[in-house]
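Letters A, B, C and D mark the chains in the order given here, with residues in each chain numbered from 1 onward.
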Amino acid sequence: MTDALLGAVQAGVEVVDLGRQLRVGMPQSPNHPAFWHTLPRRHGDMVRSDGSSAANDMITTGTHVGTHIDALAHVSFDGKMHGGVDAVAAGVGGKYDELGVHTIAPMVRRGVLLDVAGHLGVEHCEGGYEITVADLEATSARQGVEVGEGDVVLIRSGWGSRFAEGAPYVGGPSGVPGVGEAGAQWLADRRVHAAGADTIAFERLAPGGGHALLPAHRVLLVEAGIYIVEALDLEGLAATGWAEFTFVLVPLNIYGATGSPVRPLAIRSAATA
Amino acid sequence: MTDALLGAVQAGVEVVDLGRQLRVGMPQSPNHPAFWHTLPRRHGDMVRSDGSSAANDMITTGTHVGTHIDALAHVSFDGKMHGGVDAVAAGVGGKYDELGVHTIAPMVRRGVLLDVAGHLGVEHCEGGYEITVADLEATSARQGVEVGEGDVVLIRSGWGSRFAEGAPYVGGPSGVPGVGEAGAQWLADRRVHAAGADTIAFERLAPGGGHALLPAHRVLLVEAGIYIVEALDLEGLAATGWAEFTFVLVPLNIYGATGSPVRPLAIRSAATA
Amino acid sequence: MTDALLGAVQAGVEVVDLGRQLRVGMPQSPNHPAFWHTLPRRHGDMVRSDGSSAANDMITTGTHVGTHIDALAHVSFDGKMHGGVDAVAAGVGGKYDELGVHTIAPMVRRGVLLDVAGHLGVEHCEGGYEITVADLEATSARQGVEVGEGDVVLIRSGWGSRFAEGAPYVGGPSGVPGVGEAGAQWLADRRVHAAGADTIAFERLAPGGGHALLPAHRVLLVEAGIYIVEALDLEGLAATGWAEFTFVLVPLNIYGATGSPVRPLAIRSAATA
Amino acid sequence: MTDALLGAVQAGVEVVDLGRQLRVGMPQSPNHPAFWHTLPRRHGDMVRSDGSSAANDMITTGTHVGTHIDALAHVSFDGKMHGGVDAVAAGVGGKYDELGVHTIAPMVRRGVLLDVAGHLGVEHCEGGYEITVADLEATSARQGVEVGEGDVVLIRSGWGSRFAEGAPYVGGPSGVPGVGEAGAQWLADRRVHAAGADTIAFERLAPGGGHALLPAHRVLLVEAGIYIVEALDLEGLAATGWAEFTFVLVPLNIYGATGSPVRPLAIRSAATA
C-alpha cells in the first residue's frame, strides 16, 4: 500500500521556486560578506588517464545573503536571545551551540501567502511603507485564507520585483516596505512557525534609515521564537493565485551559524482537467 | 477543498534528514576548498541604540563538500559533457551556463533506499568493495521494492557510519565501497533521475587509488545525465525500514556552479495507530 | 667589517609607508572579490590548560585590492601576454605558471616620485584628467630628478587624498586622473622597472567609462614587461619632499596569481643635524 | 648628493628571500583556515572591445599560514595580552584595535642568523628537540656574532628542509625542534625586536603534543612584546654564510588582525671582486 504522501506526490505536483538565484554582484546588505563564486578547476585543467576531467567550485558568502533564513541566534535584545539565553556568552567559542541554524528543523508544513501588493492593487508598496495589521487582515480576508498556528506566512509587498535593479532593492534612500512592530506582533499572536517576505530585511525600513532599528526582528526572533525568511522571490507564487500550499524549507545544517541561504518551495497537487 | 498534497502533509509526516552537519574539520576530499565557518560579528560587537545586536557568519567552501549534489557540469569525458557539450568551451567565462547546478530542478519525487549493507548483514561493506548488480538486485528483491524511471535511488554501503572517524571515511589506503561501472549502468538502464550514496565519491574507490578513475561518474553524469548525491547520511533512514518514500532535494541555485551542498529529506506519512 | 648596506641602515633610516590599510569596506574595484577579515577564534574561545589562548583570522580577498601590484599575467592583448605568451593556454590548470606574481623578484631599488599634483599646484588632478608627457617632464625637471632605467616611478595625481571618501575614489561618473597611452610609453621608453600611482587603476579613467579601455596597462604590462602598482598612498611621501629614495616592495609569493596586495616602502637615510 | 642608503643599494645588493611560496595544499596548522587560491577570471573569459582581457584571483587564507608574523594580539595568558590588555575585551567588535598586526611597523633593521643545525652539524634537529641556551650561545660564538637589542634573530633548526614533505613538517607524532621557555627568555633578555624560525610554531613542540603548550609564545608575545616569525625558509640564507644582514619585513596592514603572511628578506651589499 502506497504511503499517502508519496501517493499525492506521484499523482503530480506543481513546484514554485521561492529562492533567488545566487550570482556574483546580486543585491545584498553590505553588513554581510558578499557572495562570490569561482571555478578553481575547469574542464581541461587536469585530464585523467581515462580522458575524464572534473571541474569544481569555491564559494565565499555570508549566510544572510540571497534568499535566506534567520536563526534565532541572529538577533539579541538587551543582551538576551530567545528564551533568555545570554547572547554574549552564547557566542564564546565562535559557534552558537544554542539557537544556531543547525537547530532549525527542516520545514514541511502549511504555507500561506498574504499578497498585500495584490490586495492594494499596486505593483509594489512604496519604500518605507509600513504594512499594517489592517492590511494583513484585509489581504487574508480577500484571499479567503486564515493564518493558523504553525504556518509559515509569506508577505508579498511586491518590492521583490525590483531585485534585478540591484542597489534600489536594498533600500537606502528610499526605504523598503514591510511590516512594523504591530504586524510582527500580529504574526506572533497567531503563533506562526516562520514568516517571510520578498524584501532584504523582512520588515519596514524607513527611508534613509538603513538597518538601524529592527523591531519586527525583536518581536519575532527574540520574543516569539519565530524564524524569519528574507529576500524571497514571491512573484511567481503570486502569479499562481495560491493562498495556501505545502511549504518546504531546508536550511543548510551549518553548526553554530546565525542563518543559512535557502531555496524554499511552495508545492501543490497538480490541477487535473 | 484542501489540496491533496497539503492534506497529506497536515495529516502528519515523518521527516528523515539525509544531510551531514557542516562543521569545520569534517572529512572531505582535499581536491575541494575546505568548509570553513566563522562569525565576523558576535552579539555585543555592535549594539544598536535600542539595545539590539545582530551576529552574522562568513562561509567559505567548495560545493562538493559535506552532503552534496554533482551537477552534470561536474565531469567531462574526452572533452565532452552530457549531451556532447564541449567541456572547455562551456567553462569560458567562469560559469557553466549549460549544465550548471542552477539547471537542476528541485526534486520532489519517489526515493528508493537500497540498503546493501543491511542485505549483506554487515555494518559496512569493506573499503574497495564493489557493489555488484547482483547485490543491487538482491537488495531490491529482499526489500520488495522496484527501482523505476524517474526515481532517486540511494545506495547504502554502511560506510557512512564511519563519517565521524574523519580521515578513514575519505578512504585513502583502505579504498571505499560502492558501485562500479556495472552498477552505474544498471541505474542508467532504469532511467533513474538521481543516484546517491553514503560515501564521499558515490562509487567504489580502489584501495590506495584515490579518485584516479571514476567510471560511474562517467556513466551517470556524462552518458546518462543522472545526478549524483554524495556523502549522504543514510544511517537514520536505514533504521526506519522505509524502502520507498518522498525524496526532497533542493540544490542552492548557484549560477554556473558544478555542484551544491544539499540537505535532502526522506518523508513519509506518519504511521497511525 | 660591517656591510655597507647594514651600516647605512644602522646609521638611521626614515621609512615612509606607501600602502593602504586593509579594512572591510574600503574602496575597491567591483571586478575583484572584496577584502574581508574576520576572527574565527577570539581570546577566551578556547583556553589551554596553562591559561593561554590564541586568536586567529580568516581573510578572503582579491589580489587587486588595496595597494597591490599587477603581475605581467594580469593583462593580455589580442590573446597574448608579455613576450608573446598565449594567454588562454597559460591559464589552463588554474595557475599562471609563466608571468604569475611569483615571478616578480622582491624590489630593493631606486624609486622616484613624480608629484604631478604638487607641480600643478592642485590638491588633486580632476577626474578624467590625462597626465601628459609634458606634465611628467615638467614635474621631473621641477624636482631635479631624472627617471632612469630600472627605477620604480611613482606618479602622484593627488587623487589618493580621496581614498577615505570611498566610492568617489573608484571613479565611476567622475573618472580618475592618470597617465594615458602616451605617458605609459614615456615610462616604457625609459625602461623603468615598475610604475605606480595613487589611483585604483594607475591610468586615466574617462568619466563614466569605468575600466573599459586600459591602454597604459597594455603598453606597460604586455608590451614592455613593466609592473604596475596601484592604490598607493603617496600623501605622506609627497609631504617629505623626497624625489628619490630606496623603494622596497615584496609581493606575496602566491604561485600562479595575477597580482598581490603589497605594502611598499620608501626609505632614506635619516637626516642628521 | 646621493642618500647614503640609496648609494649602498645602487652599489649593488644581494637579496635572499626568506618566505615560502604560497601554494594550495602546502603544510600548515589545521587550526587556521587553509590557504586557497583560484582564478575567478582567466584570459579569454571576457575580452574587451580593444582585444585586451584581464585575469584575476581570489584568495582565502588564515594569517598564520605560510611564512607569517604573529602580532602581539595573537596570544594571551591568564586573560591578558602584552601590557596587561584585557584579551576578551580587546576582541569585542571583531578587530584587535590594540596590538593587532596593523600596529607592527615595517622592519628595516639588523638581522642575525643563528644556524643551530649548522653548529650542531646536523641536517636538521630532531623532532621534539629543545634548542637550549647553550646551543644559542655556542652558535652565536661560533659565528662570531652578538645578538643585540632591537635585532631580529632567526633560529635555524634545519627542520625547514622538510617543508616539501608536507605533513611531517607540521610535526604531529614526531614533534618539532625549537627553543623552549629558556631560549625564549634568553632572547627576551637581549631585548630583540622579533624572533623567527624555520618551523611552524617557532618553539619546540613535543612529540604527539601538538600546540597544547606554547611557553615561548607566552614569554615573547605576552611578557616581552617581541614579535614571532614562523615557517621561514632559512635554507638559502644558511648557504650564504651570512651571520648578520639587513632584515626587511613588511606585514600586510590588516586592521585588527592577529597576524599576517609575510615574505621577509635578508639583504647585504654585494661582494666586490
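Quick notes on this structure:
Here, a contact is a pair of C-beta atoms (placed from the backbone, for glycine too) under 8 Å apart; a residue touches a chain by one contact, two chains touch by 3 or more.
Not measured: the values here are computed from a predicted model.
Fitting chain A to chain D on CA positions gives a rotation angle of 180°, reported to the nearest 5.
Placing every chain at the mean of its C-alpha atoms, the farthest one from chain D is found to be A.
Of all residue numbers that take part in the contact between chain B and chain C, over half occur on both sides, making this a same-residue interface. The chain pair B-D and the chain pair A-B differ in C-beta contact count, and the higher one is A-B.
Averaged Cα coordinates give chain B a centre that lies 42 Å from the centre of chain D. Averaging C-alpha coordinates per chain places the centre of chain A 24 Å away from that of chain B.
With touch defined as above, residues shared between interfaces to two or more other chains in chain D number as follows: 33, 36, 38-42, 44, 58, 60, 94.
Taken together, the chain A residues at the contact with chain B in this complex read 3-11, 13, 15, 17, 19-23, 31-33, 37-44, 48-64, 73-79, 81, 87-88, 90-91, 94-96, 102, 105-106, 108-110, 212-215, 217-218, 222, 244-246, 248, 250-259, 261, 263-265, 267-269. The touching residues of chain A, when paired with chain D in their complex, are 24, 36, 38-40, 42, 58, 60. Chain C meets chain A in the complex at residues 25, 30, 33-34, 36, 38, 40-42, 44-46, 60, 92-94.
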